[in-house]
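Letters A, B, C, D and E name the chains as they come in the text, with residue numbers starting at 1 for each one.
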């Protein structure tokens, strides 16, 4: 699992039906790479989260038929911004 | 999931039967890396899309017997080109 | 599988139910990249461990319904710090 | 899926039985990284191909019990060498 | 699949039960990155091998309940050291 920071929501009106109406968010890792995740926990921009990838992402989304490959697994209680090295 | 931009179609007359006749497109990420995707949503060159990878890509293609590892999941409504850092 | 060093525990009070109450730890590879893992073996900060990724991570966690994509597989008996090149 | 160029055959007389007698080839991406693939389509050195990775690679090999993680999915009809950036 | 060179054995007395007593080895790719693999073919230090990753690694280990994500698939008969670029 990776540590990322929530950047913003992402709107995709035209999407595959297997993503249903799940909330998508853009997250950023400490190198500035963007990923798109399904968010089942209600994270807000600025929150540090852990992301779950690969086949586990579907079950983490609460329904294995949701075709995501990256899902927020939890919000980190405390994270030291200085831990992020560039 | 990743954010990519559609570049072009890709023709592979000689292909494995498990890809059937699905439309393939070349997409490019913000570092200029190319990937090849199955497109179930009808994206056009220049569209910004999200791509779904790994085992979820098969179900996102609408049929889990399609042997893709990367499928377009949706077209992004609004994406700021300036967000792409190099 | 990868070789990593345990850095610290990680607390995520708000998390998906599929992670249950499993212990999470931050590990670091020899390039200084952080990952978050489920720890079924009781590793301590400073231990060198092997990490198991992808779909095997769930079974390695002792229960395939745990939605992890990275799990500690074992503690390395002897590891030469000088083997870590940067 | 990735775009690669076929470099050569690869002989592994001593191999796991789950690879059976499938043809293996070395392919190279546009950064000069080598990968080893199962080839079910009969590509020749110099051909540009798409490669299918992860769990889809097994079904693309024509038999899901073949333990490959990368399989040629098709030969690209036309590919502009100048598209390869280094 | 990747091409790697066997470096050494790796001892992990304290390990998850799902790795059973399988032999683990450290392998190195041409960029000097280390990985840990299950070895079902009896490779020796210095041998060039192909490694099978992701979910196929479990079946390649001879038993899908072995929770490995990387397994040696075969020993390469001939490999030109000069092919390794850095």
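Assume contacts are C-beta pairs under 8 Å (C-beta built on N, C-alpha and C of every residue); 3 or more make two chains touch, one makes a residue touch a chain.
Only a predicted model underlies this, so the values are computations on that prediction, with no experimental measurement involved.
Enquirer: Please decide if copies subunit D and subunit E contact each other with the same set of residue positions, more than half shared, or with different positions, and reply same or different.
Expert: different
Enquirer: Could you state the distance in Å from the CA-based centre of subunit A to that of subunit C?
Expert: A distance of 19 Å separates the two centres.
Enquirer: Between subunit B and subunit C, tell me the centre distance in angstrom, where each centre is the average of that chain's C-alpha atoms.
Expert: Taking the mean C-alpha position of each chain, the two centres sit 31 Å apart.
Enquirer: Which residues does subunit B have that touch at least 2 chains other than itself?
Expert: Residue numbers touching two or more other chains: 53-55, 57.
Enquirer: Take each protein chain as a node, join two nodes whenever their chains touch, and name the resulting shape: line, ring, star, complete or other.
Expert: ring
Enquirer: Put in order round the ring, from subunit D and then through subunit E, what are the chains?
Expert: D, E, C, A, B
Enquirer: Considering the complex alone, what residue numbers of subunit C touch subunit E?
Expert: Per the stated touch rule, the residues are 1-3, 30, 40-41, 50, 52-57, 59-60, 62, 71-78, 83, 85.
Enquirer: What residues of subunit C sit close enough to touch subunit A in their complex?
Expert: 10-16, 18-19, 24, 26, 32, 34-37, 53-55, 57-58, 65, 67-70
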